[in-house]
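Next come two complexes, and both contain chain A; in the first it sits with chain B, in the second with chain C.
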Partner chain A sequence: MAGPPHTIAHIKGWNSWNTCNMLDGLRPAETAIDDEFIRRFMMGTWHDLIASEIIIKRQHNIIRIAAITVQKISVTKVYFLIGYTEEILSYWLQCPIKLELQTVEDRTAVVFKYI
Partner chain B sequence: MLNNYRTAFLRKSNETIQLFRLSSNTLEKSSSNGIKIDIPKYINRSSTDILKAISSTIQRDPTAAHYKYHDDPYLIPVSNFQKRAYALSQESGRKAAHWILNQHPELFNHKVAFPPIEKFYPKVVYDENCDLDENELKIIIEKAIVSDAIAVYNLLKKKNIEISSDTQQSLLELVCFYNNQDNLEEDWIEERWYTQANNNREEYRNTWKSNGFAMTLFSTIKSPNSHHYSIIIQGMAKYNQFEEAYNLYKEANEKGFVLSINAYNSAIKTAIYVKEGADHKWLHIQEILTQMHNSGVSMNLYTLNSILSVLTTMATNSESKKYALKTIAEAKQFDIEPCLASYYYLLQIFCSDKKNKSTILVDILNLIEEKSLSIKDLADINFFTAAMENCRYHLQSIDIALRVHSVLLKKKNYNLIGDSYNESVYYRNFFAILCQNESVEFLMKYYNDLVPHIYIPEPAITELIVKTLNVAAAVELYPKIWSDILMFDQADREPIITELIDGMAQNLFPSFEQSIKEKLGLLSGTIYDAIEERKETGKIKMSWTGTMLGNLINICLFGDNINKATEIIVKLHKNQNEIIGIPDSPTIAIFLDYCIEKNYFNELLKCIEYSLEVNYPELDDFILKIMTKMTLSSMQRAHLSKLVGTEHYVEIENKIEFVSS
Partner chain C sequence: MSALQTTLRRTTVVLMPMGYHPARVWCSTRAVPTDGKFRVLDLKKKSFVPHAKKKYNKTITLPPRALSMPVDQDWSNVWPGPKTFHPATVPLALRQGYDPKRASPGKYGNAELMKIPNFLHLTPPAVKKHCSALKKFCTEWPKGLETDEDCDRHFPMTTITTDYCHSSPTIKDPKSRIVTMKIKLSTLNLDKHARDKMIRLVGDRYDEESDMLTIVTDRCPTRKQNYDYGVYVLTALYHESNTFEEWERQKQEADMEYYIWENNPSKKAYVTLTRWPEKVSDDDVKSHSIDDDTVGQKYKEAVTELLNNGEDTYTLNKYREAALAVLLPQTIQA
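Moving on to the complex of A and B:
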């Protein structure tokens, strides 16, 4: 967050990993819209739980969604949300979806730099 | 110039190579001088063969949780309860999404994937407005959705659309196979893993829907042929409606039909209920076999298995073993190789007698050890559990148990473990044998490997493991086992705690290193705290016993944990009404000796206070010892005399003077 866009690939990575914008890439516009949809869906479904950017990685027809969540709800609820998110996004985007979550005890654990 | 030359040379050398190749080809034909190249025949590969090859190179990693759980310390389950709860929670989330999909199918009508993935589309609902024909019904039957198939069939009937007899037959097959109801979908993996076990265990309970769609369909068929009879007999036998199945079998026989081989197999199974007594059952089987012979139907693997499964129900009869061997020999003539299910039945038949031990399992192992096993019969998944149980109760042999285990781990055999219940029973028995027979190192090797990600011991097995540690005096392992007990949420199990504390107290040897002693002292403190905490929250109902607390004091003192020891003494003093019994007097003596040696006067007073209350017979000796062995200041002397009672104190003092003079 502290790095401006031109530092991407220098001191930080991308939030979306795909090949749509390369030469002859498929569905560039749709992918961007889908990514925005996924991000909003995640922020709403995992309300007040996500402590990081949501990283979306596409490989073949699989979409992997990575994020860091806060340990605020019980583990069974986390698993319920994982199952729910994966399944309903699969129905919407019609491809396999995988969630890759890490958890932290406290939001401040993912603050790397104070400006 | 040089470059030109080089290209020319290269071209030339290429030509020679070509020439050489050509000539070698001709040479090969004419003489056997050259090396003959055998080009292997092209093997047809399926699209997933590469994936399978790659997956065969990796094994289950025992240090990581199963891959269905999220790889994060917070999300990894550590007890049996958590494993089940987490897996099912995720699935329940998926079901919630599925429910939304079916509730609002109109929202999910977009099609973005190509090729389309049917599974992600909402379910099609069939009603009277649909434009249906027989092809639709065929597709649904192909997909094996029972409720839809029945609905569409009824709609077609209503619209008076003719249905071909082939389709009718395959519909009958479908409803008979699934007993007129939708099967638990394959998508709900966890639900299947955790519940299917219970369905199978309701053995021989009649679950056939007697007035179901299958029967209606069967009765609408005007002149049922042998196929129809075969199907309905198989369906009934599968869901344990044996009587009806047998009646239909007789009916078909009267009509002179030749049934399918699987229908005969089902008919053999009806012997379980239709006939009583070993002789009658065997006669029944023979009858059907003769019928098969007359009709020119030869037996297959399932015939063998059905016969054996009937024999297991009469295993107490001495003849059954003879019959079983006869059947196996007969099967061999037809080149039928028994599968795991057959071996499972054999184990049941041969090992029902507790007195005459049979080593049939060893023979079976000799046969299957080198083979790569695959599932052939539904009952196959019972074999490994039964084999391990056999090792534990029947053969009581660790060597054979290890052989069974190594067979299970070979190739893809682990797929045959069945479900969660079978798996845990298997490991329960395995660990019980390990505890009974082998050294602690050996047990711990498997323990470290399998616990907690593959298997978490049930309370009874934890108790056995603790017992083994006690017998072997493996003191260094107590801290680990205690932290595991805490993790598995078994610290509220009374037998385990009692066993652990008793064992620790018995294994205190002065030759231990100081570091181990200290660890034990601290451990006993944590155990005390953990139990106290659980008692307060009401998780543990048992009350403390004097012996248990005495043992804890012993361990604390052994590890120089005087603070905890004093805390326990105070606890003993304050809660005398709740604690059953008192610690032995040697414990008190040890406590006093320790205090005298280290000059802990305050702790000593607390102990004396308690001893006075209890009034140990050795009380005078204790005080005598303190007065002679410990150098007391006048203040301390006064304190002690006040506590003991001045008169009594003087009495003891006189006694000392008398002895010394």
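Moving on to the complex of A and C:
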């Protein structure tokens, strides 16, 4: 959703959900770097398919990655990419990864406002 | 050149195998084309046709699952655990997002709904299921611990530690090493001197209002070590309070933590006044008892309160009443 950063928690939500940036949170820097790595990996692996921001939620050691993709490639390829992403990322980050995708027919279905 | 040389050359030719032609030409314009067409050298590649771009055939997708859900289904089977919102699975007409001019966007293709954490896996029936599954691991509440007072009597000391859960791969938190121990001072077997000494030793760790002694240990790296250290400190404090050192006899009136009327000149003045005109010695003052003397008791109480609690309207008024009763008894009675 479009909006300057100060509208977060007022009219839109965060893209990363974790406890690291709370008071006395642990590993804030490592988590930020990991999130950025996951985002870049997703944008590259699902090239030209992601229609929204990549949402990263962490619960204990599980990382759940959510995004909206476009129905542009065959279902078989989507299944392969899901398995590939989960496997490779969990190997790199050494924790269980879950990919929770939603698909839309057209990229314009996600557009909320043209700036 | 003679006849002999001519003969030798001939011999050589004869030795060659039949059909061998030393001057045969392999590449020649006379070669027959294999595909039947005459091949032309195509330098500018005019005959190259680029591959047509592969056209994507639209994937046939099923209609949303929410449309075919029975009304009496078990929702905890549909949504068993924490999961990001999915519009095709949730049969609710949700909208999320802020738009000052139009209505909020619907649930399909809405990233805002995916961002916000949902509790669709924690519906009341699901919680009930969890509880009934966990019930077999529960034990009965021990007998004799029905009320809080019973618990306090049987377990006077409380140990507080905290475990932290983070949304990160580490399970270690430096704060979890801190151990807090709480104990009521009245549950310890302390006499008047030992109690006073204990309060002086622990300083502001003792809360006068709740009579609670709190010891927080965080200097060791692990919780176990901190707990052991806390127990050690408590034991050391207890035994140190119960010992009476020789130098403690040197405690003077100025070192007293609160005002004791019997040790002070106020009692001497009172005794001198009540026994007027005879002269009183220090021994007389010490042995003088005010157990049957209500005026004396009131005066003692008023002076003690005034000096221990500080001057305010209430204590000053009380002191005035008591002083008048001592000095002018007839005025008060009249």
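The working rule: the second predicted complex is superposed on the first by the 114 of 115 C-alpha atoms of A that agree within 3 Å, B and C clash if a C-alpha of one lies under 4 Å from a C-alpha of the other, contacts with A are read in each partner's own complex, and residues count from 1 in each chain.
In this section, a contact is a pair of C-beta atoms (placed from the backbone, for glycine too) under 8 Å apart; a residue touches a chain by one contact, two chains touch by 3 or more.
Keep in mind that this is a model prediction, so the values were computed, not measured.
Peer 1: Taking the superposition on A as described, I'd like to know which of chain B and chain C A:102 touches: first, second, both or neither.
Peer 2: In the superposed model, A:102 contacts both chain B and chain C.
Peer 1: What is the contact status of A:60 with respect to chain B (first) and chain C (second): first, second, both, or neither?
Peer 2: After superposition on chain A, A:60 lies in contact with chain C alone.
Peer 1: For A:82, select first, second, both or neither according to whether it touches chain B, chain C, the two together, or no partner.
Peer 2: First partner only.
Peer 1: Touching A:92, do we find chain B (first), chain C (second), both, or neither?
Peer 2: first
Peer 1: Between chain B and chain C, whom does A:71 touch in the aligned arrangement: first, second, both, or neither?
Peer 2: Both chain B and chain C are touched by A:71.
Peer 1: See if chain A has more residues touched by chain B or by chain C, and give me that chain.
Peer 2: Partner touching more chain A residues in the overlay: C.
Peer 1: Under the stated touch criterion, which partner chain does A:26 make contact with: chain B (first), chain C (second), both, or neither?
Peer 2: Once the two structures are laid over each other on A, A:26 reaches chain C alone.
Peer 1: Check the residue A:15 against both partner chains and state whether it touches chain B (first), chain C (second), both, or neither.
Peer 2: second
Peer 1: Report, in rising order, the residues of chain A that make contact with chain B in one complex and with chain C in the other.
Peer 2: Residues 30, 61, 71, 75, 93-95, 102-103, which sit in both footprints.
Peer 1: Inside the complex, what are the residues of chain A that reach chain B?
Peer 2: Touch residues, chain A against chain B: 30, 61, 71, 75-88, 90-95, 99, 101-103.
Peer 1: Residues of chain C touching chain A in their complex?
Peer 2: 56, 58-59, 61, 82-84, 86-88, 97-99, 105, 108-109, 111-112, 114-117, 165-170, 173, 175
Peer 1: Residues of chain A touching chain C in their complex?
Peer 2: Touching chain C: residues 1, 3, 7, 10-15, 17-20, 24-27, 30-31, 51-53, 55, 57-61, 64, 66, 68, 71-75, 93-95, 100, 102-105, 109-110, 112-113 of chain A.
Peer 1: Once bound in the complex, which stretches of chain B touch chain A?
Peer 2: By the definition above, chain B touches chain A via 70, 72-75, 77, 82, 85-87, 89-98, 100-101, 108, 111-113, 116-117, 120-122.
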